[in-house]
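Next come two complexes, and both contain subunit A; in the first it sits with subunit B, in the second with subunit C.
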Partner chain A sequence: MTDREARERARKLRFFRLLGIVFVMMIFLLAFLRLVWPRKAYSAQERRTLAQLPAMTTENLRNGAFSDAMEEYLADQFPARNVWVYLDELRGRIMGEKYSQGVYRSGSSYLIEEFKRTDDNRAAKTTKAVLDYLREYPDIQSYIMLVPNSSWIMNDKLPTGAPIDSQEEWYTMWAQDVKNAGLSNLTVVSPAAALSAEVEQGKQIYYRTDHHWTTFGAYVGARELAQAMDLPFEEQNWKQVVVHDRFQGTLMSKSGFYSRTADTVELYLPDPDIGIVTTYKEQQKTLSGLYSSEGLTGDDPYEVFFGGNYPWLAISTTSKSNRKLLIFKDSYANAMIGFLCPFFSEIHVVDPRYYTGDIRTLTASAGITDICFLYNINTYYEDGSLSLILEGGEADE
Partner chain B sequence: MNNHYKKLMRKALHLILGAIGFFLFVSLLYIFAVSGKKPVQAGVDIVKNIESQNLPALLQAIRQKETSEVDVTLPVEPTPQAPTVSVPEPTEEITTPAETQEPVTIPGDEVVPTDPVTETPTETPTELISTEPPLTVRQIRINDFKDEWNEKLDANDVRNLTAEEQQQIHALFMNTIFFGDSMTQAIGDYGFIDMSQVVYKRSASLDALKEKIPEVAAVFPERVIIFVGLNNCNYYKTPEEFADAFTVTVQTLREQIPGVSLYVSSLLPPSDVLGSTRADLVRAPMYDALLNHTANLLGVTYIDSNWIVRQANYLKDGIHMNRTFYRVWFRYLQLLMS
Partner chain C sequence: MVFSSMTYLFVFLPMVLLAYFIAPPQARNMVLLAFSLIFYAWGEPVYIFLMLMSITVNYVFGRIIANNRAHHSRYAKLNLGIAVGWNLVALGIFKYYPFVSSQLRGIGLGFVPSLKLLLPIGISFYTFQAISYLVDIYRNQIRVQRGFLKFALYISMFPQLIAGPIVRYEDVEKQLSKRKVTLAMFGNGGEFFLRGLIKKVLLANQLGALYVQIESLGVAHTSVMTAWLGAFAYTFQIYFDFSGYSDMAIGLGKMFGFRFPKNFDYPYTATSITSFWRRWHISLSSWFREYVYIPLGGKRVSPAKHVRNILIVWMLTGFWHGAGWNFMLWGLYYGILLLLEKYVIHDRISSHPWPGRILTFLLVTLGWMFFVHTDFSAMLTYVGHMFGVGCSFANATTGYFIRTGLFVLLLGLFFSTPIFHRLNEQFAVQYYTASIALRIVMFMLCVAALVYQSYNPFLYFRF
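Moving on to the complex of A and B:
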């Protein structure tokens, strides 16, 4: 008996010793790894800059800023951070988690961004600014197209009972408001029905892991818009080119939901070819075409369109048309502008999030014949910059 | 006991190795699942192909189409067109005329100094737009304009640009780059033109401005309007050196921006107060006269703006101009170019 007890005890003792040793070694191992692990400035996965070692001063020691910064630094520079994040994601998947950072994971490998009606007033203010601005230009034909996000069009892919607000509901109300304003020169273009129809046909409108629409989605949108603009869109042929077949987008980095199903990014090039030149006004650069190989090979391949978002682009084309278009837009439009190029001799593209100039001077001086507001609903609803530039300040001088 | 610890250590080692192994396994899984997001090479090639299209040719096609369409509203800008074609040739020839002129201008160098500042306006108009076959209607209009604005300048009654004028100016210079030193910077600073249309370097001579030419070329503007100031009188010992530098600037601009129309505004004199203390700056009218001459030889449109100068419109430094000057200057440009 005693012999067995003694053996048992010795075994236990061994186990606890081992436990202690492993524990201590793990701590040292991690500490050691931390010391030698190379520091990174930027995480391509998460698309954000990572915290760096903070400098210690009496000032930031006293107010606690140092320890906060240190904490962030330690978390951001953890050895093999991406792997741990991935592990956590695996755990989440096993546990059946379907929501993270405003993004839902659907059964069909689609990540869907939520829509929350946090502040209807902000959107109403934007709409009012848009209408007031357009009222000043009764001779210019204007169009507004708000593109539904995947949470509307692919509603059925959402986890059942996901507590999101209905874009459709908000949009219906918004469209009614715009109609009530009674601007005779304004056309509201609603692409929802056309997009839904394509989804039912099994076509891919949105990227699985990115909040943008695919180039095909943009094509459908452009078709709708062109109809309202009275453009001979159907006569135009397009050559489809795949430029990326492993696209994994921002929703993945935002949510940490990794998805192995990568998407393809396509370009639709006008056939026959037309001449297009883009001037990046504030960057003082003129380049041929609309596409950026640097953007394509960078962290966010969606930036193949223009290389990202810029305050003011002036596009001129060899199109014989005498129409000149002014677009207020967010990044959704980037994929769509190419479809409009054959029908306008000039397109001025203003991104209100970055534009600081005087929009009325631009409108009047560029000989604009058509104005288009092109947003996805999420951005239109959330972003206040459009009303800021449209309400405008005094002229510079 | 010793043996016992050895065993224990071995087990611990196994465990740690196991942990590392697991970690490696997960890493591999991760690498397989997440990374490796490479674009399709053929796609990259297509995009690069579009990017590397011949920009000058494209722009020419686009602009030609535009002019042919709107023919009526875009009148002729006679001088710059013809010489632009034979770019490298004239420059060789031109440096020589400038040099042969040396004896003529150098004696003036010492004699002319102070007075002509206020006189120049009456002399220069004849040379100003350098149109050999004078467009009489145009000339009359220009003279009328000058009369009107001379009066307003003297009466100190130069109004701000109206919103409409501002818009016309924006429209007119949509594809123009203003290029120069602080004289040009003021255009943007005062808000007459968006800074995106301005390329400048402060306190720069033409030599120093050379490094900015690629920035101008990056925009591929239709027109470049050069406006430089007294830095050049200080930097170049003689007007001829300045004229040579100007020739090089023009050559470089034309090489880098095929088909560009070039304009140059007068090199303005210093204020009387500053002029009386600075022998170098007071030679400005000679530099300006040779600039005018060289510009004509090169087929660059010289825009005389000496007539707009009033002592009251100098800033305190006696070099730069206030808004009033630029208000008239822009209206004048608008008249000349539309």
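Moving on to the complex of A and C:
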């Protein structure tokens, strides 16, 4: 062995010895930190309770549930978990990743949820159930408004060529189908053009890191709907109040993509004020107004509207109108209902994802004059609960 | 348990290291065996009984065969037959019965009972180890292991238990009785382990995500180029996934003083299919050569028989990878390619390595698309897209995947060649503090990815 080879060999051995020590130190240091690190019950960032040390039983040991729960517990309670998550996000950003869990990272600060036409039949079934239901009430004026998501209206913000299905294409087909059904009492309200026009004016229609529309977006939607409903919307004044200015939403939690930007949450209050009482029918509680301060201070400030989604809300207002509205809705409607309150004396809000009652009894008993279906396209396309509650009534007859 | 899990890295590994190095040398086999059994039972404890039974049966038959091989060779042969048969029946029931019965029921034999069985982890690997041990004893190539504990450790040793390499007894015989770990050897093991972890967590998982995204594209978005990008992503994914696991196994072996054979030798730089299979999952292909191909007569027979031998070996190789027709097809595909190489192409394109290298890589890539699609219509659709059936050559989505996936694909390409390892070694010798720092950073990135990814299955678990 030459001197040089001997030197190289010595250096190599030194490297491996050092690495051996470093390897053991890394493993044991993290194992030790893990042992002493305080346990957390809840992650605000991920909006979920964190797994706790699972209890060992013969049953869960035998079927392997214990080992799964253990792994979940270790990952959830890992020391400084959020720092590691951030580190991985950074790695992904450097490696050029733009997609995670159904969410695209756009060049600007927006996170955009994908639209995937996985099963057109499911939505067609919903539409058929809606039409069949409305056919039973030819004397009630009805409206359906599907709100486009940011993947349509802010399409130009998506990474170029992102393999996303076109909401516009699906919507055009859907609107044609509804029109072909020929219900004289049904009006389809299409807010896409109005929303796009506002975006072009530089207005913010969607939250940057949340899948909902902003209150301003809901305002534009309400304006379109009010026109179809023939309401004196333009005569109404609104007072804008900022109630939250550090809003980071569901899309950030879902994707793990960090966004430094935060949004403000606004409320538009009728000016002059009107009296509103909201009854949470299945919770047996009645509150004044539409807004929840608990929802606002929780992890999801969008819950300022009603405190979240409830199966059935009955809102009565001091409005002199003799019209009574029934809304089938998802959470997009939560931000919009306030805009309709001055024009109806009663509004019943049904969220089919949680509602279990008989919808026909409700429709008949409440003296409803108007029915409105209000969804964002993603939910309407994916959620089967609307057709379930509408058909459920039929089966009972 | 898998190596790239929180449970393994921060609970199991520190405990086994602590216990092993605190224990007096004569107790160390016991420690390793105990931890191996816990490792195996973790998550699927029922099959620990199958494992213990397999160890006992093979231990007993090994001794019977050894005692009779000199003077009662017929009796030894009979016992070899029984023991090998037992191993194959166990493998057959747990791995293939659900598939076979569903096929039989599918063709109208409704009386065949269907049985839902979870595949015991690693059964394909430890069964093959046991068979090689028995046959080697019968052939008088090794001495029988009289120590039950040592034999149990050979079969169940946790580093290579669930995804290989398939270790032949002669490779570890001496180490089972006497082995020494120096700090440098331990560090070398750490190097292998880290390399494997990086391959699995930072490369394979990202490549896998890219493949899944492309694979799920509807016909409206896909194109020839996109389909090939996806196929390349899977090709690298499976290499880093599997060779990463082997690296981790080899590294852990070194930490405890075992030297396991090399399982991969830069397979994607192979210049022919023959050479690819000398470089891919080496311990499996040499097992089939040693215990199936050569006993059938190898190539020292008539061409017709040789063709038969090749096809048998490759159908079995395919079937070993999973109970499904697509694995059979995948094996047969290689059988045919190897025959073509041997009888038609000969050395015609080997004057320069690059045409062969590129062609081999493309054929291997295509092969993985048979391998990955258990559903035939999905397979036909995907492979169809690769050849332009029903889609355009490229579109805007191709650009999207090039922009978001090219970096990780190029990393994949780079780490599939020996260039990186040469550079890495030189760098480690010359700038060892920087090299150590780099490894700490890479380890932290692995941990970060593990914390982030709650979903982390090993591809090779099915086998």
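Just so it is clear, the second predicted complex is superposed on the first by the 374 of 397 C-alpha atoms of A that agree within 3 Å, B and C clash if a C-alpha of one lies under 4 Å from a C-alpha of the other, contacts with A are read in each partner's own complex, and residues count from 1 in each chain.
One rule holds in what follows: a contact is a pair of C-beta atoms (placed from the backbone, for glycine too) under 8 Å apart; a residue touches a chain by one contact, two chains touch by 3 or more.
All values derive from a computational prediction rather than experimental measurement.
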item: Subunit A as common anchor, with subunit B and subunit C clashing or fitting; value: fit
item: Touch count on subunit A, higher of subunit B and subunit C; value: B
item: Touched partner set for A:Phe247, first subunit B, second subunit C, both or neither; value: first
item: Subunit B versus subunit C as contact partner of A:Arg17, first or second or both or neither; value: both
item: Which of subunit B and subunit C A:Asp3 touches, first, second, both or neither; value: neither
item: Which of subunit B and subunit C A:Glu200 touches, first, second, both or neither; value: neither
item: C-alpha centroid angle, subunit C to subunit B via subunit A, nearest 10°; value: 120
item: Which of subunit B and subunit C A:Thr318 touches, first, second, both or neither; value: first
item: Subunit B versus subunit C as contact partner of A:Leu87, first or second or both or neither; value: both
item: Shortest span in Å between Cα atoms of subunit B and of subunit C, once chain A is used as the common reference; value: 9
item: Intersection of subunit A interface sets (partners subunit B, subunit C); value: 14, 17-18, 21-22, 26, 87
item: Sites on subunit B touched by subunit A in the complex; value: 4, 8-9, 11-12, 15-16, 19, 23, 26-27, 29-30, 33-34, 36-40, 42-44, 46-48, 50-55, 58-59, 61-62, 65-66, 69, 160-161, 163, 166-171, 174, 177, 190-192, 194-196, 199, 215, 218-220, 323
item: Subunit B-facing residues of subunit A, complex; value: 14, 17-18, 21-22, 25-26, 29, 45, 80, 82-83, 86-87, 241-248, 258, 260, 262, 265, 267, 269, 275-277, 279, 281-282, 284-293, 296-297, 301, 304, 312, 314, 316-318, 320, 322, 345, 357, 360-362, 364-367, 395-397
item: Residues of subunit A touching subunit C in the complex; value: 8, 11-24, 26-28, 30-31, 34, 61-62, 64, 67-68, 70-72, 74-75, 78, 81, 84-85, 87-89, 91, 95-99, 117, 159-163, 165, 256
item: Of subunit C, residues touching subunit A in the complex; value: 1, 5-7, 9-11, 13-14, 17, 42-46, 183-191, 193-194, 202, 206, 209, 213, 217-218, 220-221, 395-401, 403-408, 428-430, 432, 435-436, 439-440, 443-445, 447-452, 454
